[in-house]
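The structures come next, written out as structure tokens.
Consider the two complexes below, in which chain A is the common component and chain B and chain C are the respective partners.
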Partner chain A sequence: MTRLIGMTPSRRGLLKGMAATASALALPGFVQAQSSAPIKLGFQLHRTGIGAAYGRWYERTTQAALKVVNDQGGINGRPVEVIFEDDGTDPKRGAEVVEKLASQAGCDAIFGPLFSHVVIGSAPRAGELKVPYLVCSEGYHVASGMLNRWTMQPGITDVRAQVSSMAPWVANNLGKKVTMVFPDYAFGHDHRDYFTAAIQAQGGEVIKHIAIPPTETSFTRYLPQIPKETEVLYHVMVGPAVLTFVKELGEFYGTGARPEIFGFIDSLEAVDTASPGLEFLEGTHFWEGNCRVKQADASENEAFYRMAVGVDDNGASVSDAKDISTYAHMFSCWETLFILKAGMEAAGYQGVADRQKLVEAIEAMTTMPESAAHPQGDKVFNAKMHQVFGHQNISKVEGGKLVRVYRTSIEETMYENDTDYTAMSF
Partner chain B sequence: MDFGPFLLLALMEGTVMAAVLALTAVGLSLVFGVMRVVNVAHGEFFMLGAVIAWFVTHYMPGPPAVGFAAALVICPLLVGGVAALSDTLILKRLNYDPEATIVATIGLSYIFQQAALTFYGPDARPVEAPFDLRIQLPWFGYSGYKIAVVVAAIVILLAVWLLMTRTRAGLIMRATQLDRTTARAFGINVDRVYAAVFALGAGLAAVAAVLIVPIQQAHYLMGHDPLLLSFIVVIIGGLGSLRGTLLAALVIGLSDGVISVFFSPTLAKILATLLVAMVLVFRPQGLFGVKQ
Partner chain C sequence: MTRALALHLGVIAALFAAQYLLPSYHQTNIARIMVLAVFAMGYNIAFGYTGLLSLGHALFFAAGLYATGLGIELAGLSAAPALLLGLIAGGAIAAATGVLALRTSGVSFMIVTLMFAQTGYLTILYFGTYTRGDEGIVINRAARAIGSLDLSADTPRYFAALTLFAIALLINLMLTRSRLGRSMIAMRENEQRSRMLGYNPFRVKLIALVISGLYAGAAGAAYGVLFGYVGASFATIQYSILPLLYVLLGGAGTTLGPFLGALIMFYLIDISSGYTTAHLFVVGAALLVLVLFAPKGILGTLRERAVKWLP
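And then the complex of A and B:
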């Protein structure tokens, strides 16, 4: 006991020691932040909840992109670290995740959320915390001007642009009387509003809107609402029950007469087109942001991206042929990470004090040529809308596989509105 | 679509729903009737049944029908085992105090849900139907499997009814339901009866889930709707009354089918919940319940 007491340091000695340790730690620490401390990016991930299938692949895609970025020397010569945080595909949790990533983890920027209700619930918090918030959501909520200066969508074209560019092709090739089936929340409402307007501009009309709650598990009961005179059935569905939806659609039409079917691949993301019960999809068409099945004319960049993420030529994981990717959407994570890199390098980004410079640097972007950083194709960024525009694909199911039949130009996706985020204050 | 076929489809959908609902709700009703326990974890037993069905069919070699048949046997046994364990380890130790058991089963529901998330994952995974048959009517096509679900549910419900009314085990359960103390005085091991009833209730939910999983998919959040609808059915039918539960399941299932098809599924839920409120106000013991 006495020896122990003898070893107890004096108060003065303790203070001296603490001061010495503190200065020893503080000095190199300061130098570190200037030179090689990792850049920390937060990823708001739908790991659980109704967006889990997307979350799984968004994480893999981001990990693959991160490896490429770090192999190339990181950002501004600093290594990059991505902190993944699950939001349960829940808007309330989403705002908390933004808070946690920005305030506790001290992330330089946050990216990655997809589901529109989560983005709309989380973006205001990002604006309040003044942290760059790059969403991969497709929703029109960014370009519509309802969010804030800190929220941008530079990695994927929004729904309004997608559906506007689909309408002429649908009207000219499939038919003019359309019935729409869509999920009854923000994302589905964008489809409803802008496809309806776009098909009218083509001399067609939507004769029936069928809204389905996104948590629905049984769909047959909605299908009799499809009017008999429908020429084109337009479907877009999300959530864990997408396979049920498509299967029940097949059961409903069976071998009888059916209208032409045009779907957004969202109805089948992470689902094998060759699943039992989906044979009726043969000959139907799908929108795809990026073609799941490797096309004959796939570019070198596309092939590199596919390989880096670990996706085979059919769009499944190279390690499990049953694990189908969300290929049409997940490129947005890859491209967004490279935009963050480009933006940080253009802004000479040093630390959280430069967050505003980062937003301004991304706003200064205009055209993005196709490259390994943009494997989905070239794009045009509209700084006022905080929204990127790119090529869209229409694929046809042939022999159980999605084969591209049309690729839109970027001009076909463009529209005008009076959003101007650059005029908003930070 | 014309009115006739429209109505036919609505009734078919309603019947499928009523069949599955009846199985799930009878389990809940049995547990309440015999044990006086409001089992909030009932929906999660349903979910566990579906998730285990995925594991069984996924790892069982041979055609889908073999895996499915195995799931029909294994799932209720496993889920029933988990339920019996929960009863002996938790509910029994709370002396079946009504408030405490509600809180305990809420806790159990979270544990089951998170366990499924941890070991099964967040994805919705399909289970292949044991056979692939599509019935093509002149107006629309319909899944032959869904009709098989209705038949299977009727057979199982009949078996439950026989068990309750024609066997010694059923007699013991009914005796315990009537008066726990007297039953004990007559040498009935009430603890074992309770564990068995809790297992039977959970097993019925699991069977319903196995039947439904080739139509929907196994997902860790799928327990919500069955729980809510079972409660609606059980309250309307009268807690503890099997006859009332069956009738209420039929009413709720069919009206849900018809209202969903002709108007909207949301309206169907609103009306069902309104009916529950009305029953609670004007006939709190339920349509077939006995006043305590």
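And then the complex of A and C:
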């Protein structure tokens, strides 16, 4: 019998061969799973609690952006799935939601929270879990450097930039003696500190700070504190008492003489400016991150975004004219989702092992031109601060509608500080 | 070893083993629940054993949280002395509150404690320069360590929470069997009769409230160090009601009830939110069922109907 040298497999060789065959058979499946499994993004949603009015529209905006992203082929050719989880606008639950989205749902990144205390309460856990956490908060807490390498705000400008950039226009067009009415907590204090400094730089002054405790439900006893020599009344309020505040302000001045009034639209987000009792707002001015009412010069990108989210020309839902959107802020969810797409594609993102690459890819971003991905306008991202800078709008109430009278440049909103997240370790 | 002690040691051993058996997500959840259970145990000492229905316990929790957080961030303390400071702050604020609030009883006590807690909340907002008001502060991760033990890492955090929980639970068990514990129950059952027998109700209730405050302060301090956030929302009325719900659900006047209540409430919200956006309705419905069919809570009902020796 002829022995075929080398043809008789040994037991070890046979096992190796079987293992190699099994690997070869398994590999395409693995590659397939990596290449076509959905990208999972977690959305930390204020569905209940004080932020519910924002949460409702943040969810709609994100769903609309998600549809566009998936219609365009998803991210890196993979479909995208967004998992929404309610945080009750509570920081303790917020941290638990980050945990749930990252550890249980296996989300690749988390985005979406607005309220500052929820962001600050949740960010430490995102840092510990090493999950990219893209907030839509407009608070200064990101740029201030108090958070961590994994927390970023690339989809909306922060309150320091917004407030500071309003002062020149207010001083030049409305007056230089300002009385500020603001909620007596951190968000209000940011307005107080940065606007006071900015108006002083313009040769103006804040002649009275009126801080409203957050537990107040009526404001009548604070309004007589407004000095008579006030030229501009600056107001910013949030929460369910907003409508009461604005109505009582109207009742306080009635049809008599009043100072110029400049407010942040936060006071009236999700509220119709044509509501009964708000007639006195006619002729007053508001900051808007994005203009609620479709402007005559609205870009194609803005129009596309408005249509995709389902908002009519007045800023209400196309299916319910009484359901007013939080238009000044909610674009941040749209833009943040597209930034995640751009970041993941730049990083060649495959799975959770590439989370750090995703953060680095976003840090590598600088200018963001206006486009369907950035319908609010072009922006500049500061990687050291993890903060984006962009245009701000000042609108005037004319005939019950908000009409833009000024749009800042990006340069007007910029400031310097010594924050450098890129020097922090992961 | 008695059956009761064996049961409690068994629970602690099971929680020890859970660290190795549960997925990472549930490990962190259980660590949170153990810290919140210590808060609820403290509430149970005042409410379940002594009959003091307080709506001000968020103040004691927040006292521990802020004393620890500000001790680290402003005074530069390391975690160990800051935790001790939080424990003391909880007890001290409870003593100060008790001296005044215990002049009242029943519904008046509830309202006065609520007012104290609201004052505490507004004080935190008023000193926003230091506390950052409603936004709160993040405790620097490097400071969240005892020696070389990094309490921001999952395993050390779990064991730190378990250690606190175990100590609190065993002290609670000892307390219920002590002379003081029995006099606390006497206050709950019949204060007038206790007074006639020579007890000083004010003294007993004040001691109970201080112990309760120490528990709440320890829980607040631990929460700050283990989870890295100190915020005014923990001083709101919601956080006075939460331990009450945990205790009612698990069983008022039972040593393990607060833990069971915190555990069930946490997962009720966590699981139901995966199926419906109306998860708070589910929680409300569950509480209604509880009030209707097991008004003494789960372990209270169990003790009444089957396990008489349950402490």
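The rule is short, and it goes like this: the second predicted complex is superposed on the first by the 391 of 426 C-alpha atoms of A that agree within 3 Å, B and C clash if a C-alpha of one lies under 4 Å from a C-alpha of the other, contacts with A are read in each partner's own complex, and residues count from 1 in each chain.
The criterion applied here is as follows: a residue touches a chain if its C-beta (ideal position, glycine included) is under 8 Å from a C-beta of that chain, and two chains touch if they have at least 3 such contacts.
Predicted model only: the values in this text are computed from it and were never measured.
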| Which superposed partner A:127 touches (first chain B, second chain C, both, neither) | second
| request: May I ask you to decide whether A:187 touches chain B, chain C, both, or neither, giving the answer as first, second, both or neither? | output: second
| After superposition on the shared chain, which partner residues are touched by A:146: those of chain B (first), chain C (second), both, or neither? | second
| field | Partner chain in contact with A:253 - chain B first, chain C second, else both or neither | value | first
| query | Should A:117 be classified as contacting the first partner (chain B), the second (chain C), both, or neither? | reply | second
| message | Which partner chains sit in contact with A:48 here, chain B, chain C, both or neither? Use first/second/both/neither. | response | both
| Of the two partner chains, chain B (first) and chain C (second), which one does A:217 touch, if any: first, second, both, or neither? | first
| said: Looking at A:90, would you say it contacts chain B, chain C, both, or neither? Reply first, second, both or neither. | reply: second
| message | Output the chain A positions appearing in both contact lists, the one against chain B and the one against chain C. | response | 47-48, 213
| field | Complex contacts: residues of chain B adjacent to chain A | value | 1, 5-6, 9-10, 13, 17, 117, 121-124, 126, 128, 132, 134, 136, 138-143, 215-217, 219-222, 225, 257, 260-261, 265-266
| remark: In the complex, the residues of chain C that touch chain A are 23-25, 28-29, 32, 118, 122, 125-126, 128, 132-139, 141, 152-153, 227-229, 231-234, 238, 269-270, 273, 277, 279-280
| message | Looking at the complex, which residues from chain A come into contact with chain B? | response | 47-50, 52-53, 55-56, 213, 216-218, 220-224, 226, 228, 240-241, 243-244, 248, 250-256, 270, 275-277
| query | Hey, which residues of chain A end up touching chain C in the complex? | reply | 47-48, 85-86, 90-93, 95-96, 99-100, 103-104, 116-117, 120-121, 123-125, 127-128, 139, 141, 146-148, 184-187, 189, 213-215
